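Pasting the structures in now, so scroll down.
What follows is a pair of complexes built around chain A, which joins chain B in one and chain C in the other.
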Partner chain A sequence: MRVDFSRVLFALAALVLAALVVLPVGWLIVTSVGGPHGFTLDNYVTLFTDATMIRPFVITLASSAAVAVLCVLVAVPMGWCVARTDMPLRRWVRILVMASLVTPPFLGAIAWELLAAPNTGFLNQLARAIFQLDRSVHPFNVYSVTGLTFVNFLYTFPYAFVFIANALERIPADLEDASAILGAHSAQTAWRVTLPLILPSILAGALIAFLQSMTVFGSAAVLTLPAGFHTMTTRIWSLFQFPPKPELAAAASMPMLLLTLGLLRAQQLVLGRKGYALIAGKGARRTVTRLGAWKWAALAFCGFVLLNAIVLPYGALLDAAFVKIAPALPTFDNLTLSHVHFVFFELDATALALRNTLILALGAASIGTALALVVGYLVARRAVRGWSVLSFLASAPIAIPSIVLGVGLFLAYTRPPLLLFGTLWILLIAFVTIEFPAAYQQLSAVVASIHPELEEAGRLLGATPLRVLRDITVPLMRSGIVAAWCFVFIGAIREISAAILLFTAPTRTLAVVIYDLNESGDTGSIAVLGLLLMAVTFVVLALANRVPVIATAAEEYRA
Partner chain B sequence: MFRNRLQLAGCAAAAVIVLATATPARVSPAAFERVDLAKAKAEGLVVFYTSVDVSVAERLARDFQAKYGIKVQVERTGSERVFQRIGQEMGSNLHVVDVANTSDAANFLVWKNSGWLANVNLEEIERYWPPQFRDRDATFATWRATLSPIAYNSSLVKQSDAPATWADLLQPRWKGKLVKAHPAYSGSEMTADYELMKAFGWTYLQKLGDQKVMQVQSSTEPPKVLSRGEQPVMAGGNEYVVFQLQSQGSPLVLVYPPEGTPFETSPAAVFKEAPHPNAARLFYQYLFSRETQQMLVDFGGLRSVRAGLREPSNRVPITRIRLFRDDPQGVLRTSDEMKTRYAQYFGT
Partner chain C sequence: MRSPRAWRTAERPDGVAALELRKLVKRFGGAPVVDGVDLTIPDGAFVALLGPSGCGKTTLLRLIAGFLAPDAGEILVGERRLSAPNAVVPPEQRGMSMIFQSYALWPHMTVEQNVSYGLRLRRLGRDEIARRVATICTAVQIDSLMQRYPGELSGGQQQRVALARSLVVEPQTLLLDEPLSNLDANLREEMRFEIRRLHDEFRYTTVYVTHDQGEAMATADLIVVLRAGRIEQSGTPEEVYGRPRSEFVARFVGGANVLPGRFAGLDVPFSIRLEDIALLRAAPPEGIAPVEGTVVRRVFLGSARDYVVEAGGELVRVTTPPQVDVQPGERVWLEFPPERCHRLDPVFPVGD
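Coming up: the complex of A and B.
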């Protein structure tokens, strides 16, 4: 009898996933009800009575809701312009949105300090010069809840954009044509046909924007301290200062966990009731709206958003990398290579951190994608009993702020039998756990869009499920796999919130080095390292998209 | 669990201090440390956790490597985070650190009591360090010192308008114009805030908290914030980075208030379980050598407690400054309360 290795592999994947998620979350729950004398609910009582816990929670919810609304307001028109109109430079807009997606929020926040610090920020200096204002007037203040909300919006809207633009591209023209033939004018069609069709994507975009900005640590860590307030993530981080209060930190993460699970469930319920079979297969033509003179207005709108997300921040970082004391406009007198020299020849951590970062990001991306592929397949095909549990486990890390997950991982892997603290392994596990859900979401959607009949044909011809996956399903979803790999890579290369708890001297990453330098205000070195981080990211992403197999896949896709 | 262990450590540390005071242990000259250079070179690496400004730390690492061919892996972060990290690592039975330095001298009392520090008795320290700046059991000694004066950017504040006393900082005209480090991150700020609290009471910090102070983490950052003109006046930050920036041409001016200026000692120690024990001892010896101490003063802008060093002529000699005495045991007792109250007063 032939052994069906696929069953073994599937079981193994399920086991790995369970270990990845259940261990740290289990420890978190146990810890949250722990006290010096055993079981207690004191931590929860503190959570709901202590003003220094409640205020950050309120601020975080309000700011995240605002980010979600802003993201939708910007991503819908932008997605439409790019996907469905003849606006010029559409391709470039898309590329720059992706660049914004790749930008780590902490780097964006540091760049925006240079732009909108109340006194020295470039934009404030400019505004004062133009309107002849006194130095005491600060038109822009990045050190505020508004500032944090704005920065989070800039580096979160790409998520909503990707969802919405892709949905708009997939709407087949016949539906809209039908509407037009039945006498609806274009606004009516947009409102009654197009919008309802992309509503699930808008919802998904808003949700992901909300969750991202609720759990973001990097930007909040940069901006909230000078502003004198806390968000949930910085408050949780502060609980690890001496004397550390991991019990309270674990308890503080529970409302966020429950809220996220609730929202994801609500989304499923909303979407579950309607059928959204949009993928019509090949040959679906989509209508392109001719904007006429309005195309320049559309371009100006997209340009303005990208000016704030990309052009100004990277301009400011580039400036900071080469002037003596940023922020200052470059002149012959204050240009210097000293920061570059410091980072590459004096700062001992650079080479080691670069190496660690690359190992971790490449490793996490490859492992995470493989795992997401197997689990995504199992769930989408309901191939094993308990697939819904697998699906839950694979989505659960989204609900956990990664700083909290870092706590859970620390609790889980610093005691026997899994003594991983101090090695790169613990970071690898952390990065896979944190970033793998993104790959899972991506890949399960791709699997779902592939009709099972091809696989069934393979099964009928006697192939094992594993062989079917390898020979039929995977080749059909190559471009989706690359996209998933890139998602995990991007996530891992900039991961800061779990890394900050789990690193040790030999296992530092670039993000951690940048974070440390930020705490002592070494802006010039941060700018150089930040630009280095981005350069590495873009090189790897460009290579990933040039792997021969993938290039072929892309051509097939175009054909 | 974590908290309890550290609290326990804290209490026991206090007990040890009492004992140590009661029975001064004299070390005979024969017990002076002899570093095995060949073994140190064979180990080839020292892991140095420090809170000193990164420019000084990296300079030190370069100099040491040039002299001995042994690499120094510098881990620079805030004192309180060095302390937290070492606690976390030791708690996991993970021995990464060879030599540590923080600006919260209370950290060393806890470590010593936990039995984590090695006994390294250097002749240099015995001869040139005043007794109050070295541990009687030779487990740590003050490697560097600094002050936390007031400072301002003279291109933004005229000398006649500048604050001259700590009380001046509470005037309405400085509201929203101050920058200050955070005691939950910075050991020297913790020490400085403790000393200010001893001198003026909690109400001083409470009133300062009402001044809409720009809050940063490290005590090395406020001078940099001043230097780039983001805020005009430093209400809490260290002196040595001001000296560094002055020498680079920044228009910063120091003010030593007549009430007194906080003084912070910053010890260093070798860990008993150091993964590179010989290199660690060699590095420790190097830290306390005359040349390094002079480098800290000249390049780093730091104060040294070592007898017989030259100070640059443009700096006010420490003997002419009225100092608030540092009190590690007091800091140890108060640090929890300081963090709690600080969060209430300053919002973070």
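Coming up: the complex of A and C.
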């Protein structure tokens, strides 16, 4: 592609990315220092003096730090059991962790309402029945900082798990064998070789967990509002309720934006140190620890975590979807399809939300993947001068929390000439911006893994650059492209943090409808819609895992 | 042995002109990687670009292929200008083929699809394509592998498929970029002769990049030794090996002793091959004045012995037949036949 049209593509991609990133962030900054009489720092003064702004800040930081610590404490042993031991059912543990990764936190939070709401919660009822407790006693209360921390932990530990398990898998056995041959016991080797080697991944995992739980809106809104306190994200959201204070909201977005930027930078520094490059070639052996009888203890530990993350919540949702009044143990008497009937045939919002969600997810996935493909190709092949600018712009949205982006987009597109608020377009822009960086990172990695000589060989045999793209590059990337598309799609159908600020009645999405229903306490319908959302997710995920074909041959070659 | 001038007589029927590189310069940022290369490659010749890593040989090859644009100079074929700064005929219009170090076989295509790709681009008829593919695949002995994918082939088989894919389009020029570096030793020797055999059979011009002087000598009509982006010496294998013009060439091609002036009765720096020095256990009665020395080290190599002798303040390496068996510490006399001592060209400074 070393030809002129790569420059055209470059200009186009740069323009689109700049519009996606620079515009909302620019408006955010401008608005945060604006007031009725021009430039002012009043918003920031309020931010740092008003107790209703400071308290959410403290709660969020404390809760997120606790989530990060919990995630490491759980993900390290779990990652080790799955990656490096002979624990039974390792594959299933991994699959269920992935299931919890794709479970939207707001849905998890709603399920945990069913399980641990103070009065009606299933676990509370159970505890009362077993221990003969009074009706006023409730051992579990999900509407609390503890509850919020617990639920956020359940749906963010998979991020830490992925980092840590992958790192453990990539340590070549040689490194540990070398320690053993020098006379170290296995515990010494673990402490002095293995742990230091995966330490950067542990830190990265903890950081991601912290960021995820700091910026999450859905679960926070579900759990904090009934309890009467705020996190940073729900506080920002509340500033858009009547009377709206967008200037203060913009200012309140800044600490979160800066914190995210700073922490991501810290992560780069930790992971970028060259001594930590932990890479083994293909086929590197890894040692498997035989656990003996301990393997059952290990399995019980993993099982207990997944019980809380997957089994109980999905059980509660299934129960709520098919019993008359949840939560109650299903019996032949109280089973019903009335919720399903209501959702699909009586609730007006369903058809609309389904339609909107599908349009948005298909659009975001297709546009996001196409953009990621172009930018990823230009960057990975260094095909144009200025590729580093593209790379920066394409990665920038990672550092913008979704709700902050929501605020920025709201500010950018509620005024002429760009009056998009109230249309699906603004949601589409939000979803593309939020989900595109992941697709970009994946696709540029795929391009980088395709040896340039494969393309050059085509050129010398007489193919034009476009022909090479069609015959060689794209076919080799096919599985990567499909996977990226699926990930953007899944991300888009569950997005709520930005959507919650940008939707209007005709542009409601499935996630927004579920959230609305939760406020009115209609658990049956929520459960049906939530399960529908997850069913679509799992189908798409299965498709992504199946796209196949050449993947094996291509990987063989790359290795 | 092949005549060193064999390629001059191997006229191609269509009499295509020579490939000419004129004052070619290529920079990546700072210092030039290719620094003023002038070279004429006669049509149908087999040329090896030989040099250590970083000498610019691969960059030169990619300039010839048209993947890079020169910063100065030009590349011509007869009257046709292929490359000049800002005017590069794209690779697909140069009538060249290339064997890449990685082979660059497309993993999503079968052997047959890989080989036929170039012909399909040329819109030949089905039968014609099938016929040509069959011919070339028989010539490189992969006709039993047609439906396999590259991932299912051994290294040597992949190499043959790459050859077939390049040759089936009947290129004027075949470029090879260290094509044997990923093969094990036995296979490397076999493929070396295979590459030369195919060249002789199809008579295209071959430009072969390598850092292995053995490969270069075994295959090429003309060896071009490159150093730091410049041509250090070019000539037939016999010339380059037998009459190295600089210390660099003497050492890089085949190994040699480079000795200062006033040694063994000569008055300028000169080079001599290890096997050209005679190692004697007693002072010879007459003839050339020998240099007396002490054996410092000896290594038995099976078909020969390799000695290091300290003589006249220098360490001299000598290769002898295995029968010559001297212990370290013993006194020996070295004879330097004058006709085997080559004075080094003073325009090529000794050392850096």
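One rule holds for everything that comes next: the second predicted complex is superposed on the first by the 451 of 559 C-alpha atoms of A that agree within 3 Å, B and C clash if a C-alpha of one lies under 4 Å from a C-alpha of the other, contacts with A are read in each partner's own complex, and residues count from 1 in each chain.
Here, a residue touches a chain if its C-beta (ideal position, glycine included) is under 8 Å from a C-beta of that chain, and two chains touch if they have at least 3 such contacts.
Please read these numbers as outputs of a predicted model, since none were measured by experiment.
Chemist: See if chain A has more residues touched by chain B or by chain C, and give me that chain.
Modeler: B
Chemist: Answer with first, second, both or neither: which of chain B and chain C does A:T464 touch in the superposed model?
Modeler: After superposition on chain A, A:T464 lies in contact with chain C alone.
Chemist: A:E456 contacts which: chain B (first), chain C (second), both, neither?
Modeler: So A:E456 only meets chain C here.
Chemist: So, does A:V76 touch the first partner chain B, the second partner chain C, both, or neither?
Modeler: Touch status of A:V76: no partner.
Chemist: With both complexes overlaid on chain A, does A:A364 touch chain B (first), chain C (second), both or neither?
Modeler: neither
Chemist: Examine A:A380 and indicate which partner it touches, taking first as chain B and second as chain C; both and neither are also allowed.
Modeler: A:A380 sits against neither chain B nor chain C.
Chemist: Which holds for A:E346: it touches chain B only (first), chain C only (second), both, or neither?
Modeler: In the superposition, A:E346 contacts chain B only.
Chemist: Can you check the complex and tell me which residues of chain B touch chain A?
Modeler: 1-4, 6-7, 47, 49, 53-55, 58-59, 61-62, 71-78, 80-81, 83-85, 87-89, 91-94, 96-97, 182, 184-185, 212-218, 220-221, 224-225, 227-231, 248, 250, 335-336, 339, 343-344, 346-348
Chemist: Looking at the complex, which residues from chain C come into contact with chain A?
Modeler: Listed in rising order, the residues of chain C that touch chain A are 65, 67, 90-94, 96-98, 100-102, 104-108, 117-118, 121-122, 149-151, 165-166, 169, 175.
Chemist: Enumerate the contact residues on chain A facing chain B in the complex.
Modeler: It is residues 34, 36, 52, 117-120, 143, 224-226, 228-230, 234, 238, 240-246, 324-328, 342, 346-349, 352, 410, 414-415, 419, 421-422, 504-506, 508, 516-517, 519-523, 525 of chain A that touch chain B.
Chemist: Using the touch rule from the top, collect the residues of chain A that touch chain C in their complex.
Modeler: Those residues of chain A that touch chain C are 2, 451, 453-454, 456-464, 467, 471-472, 475-476, 550, 552-554, 556-557.
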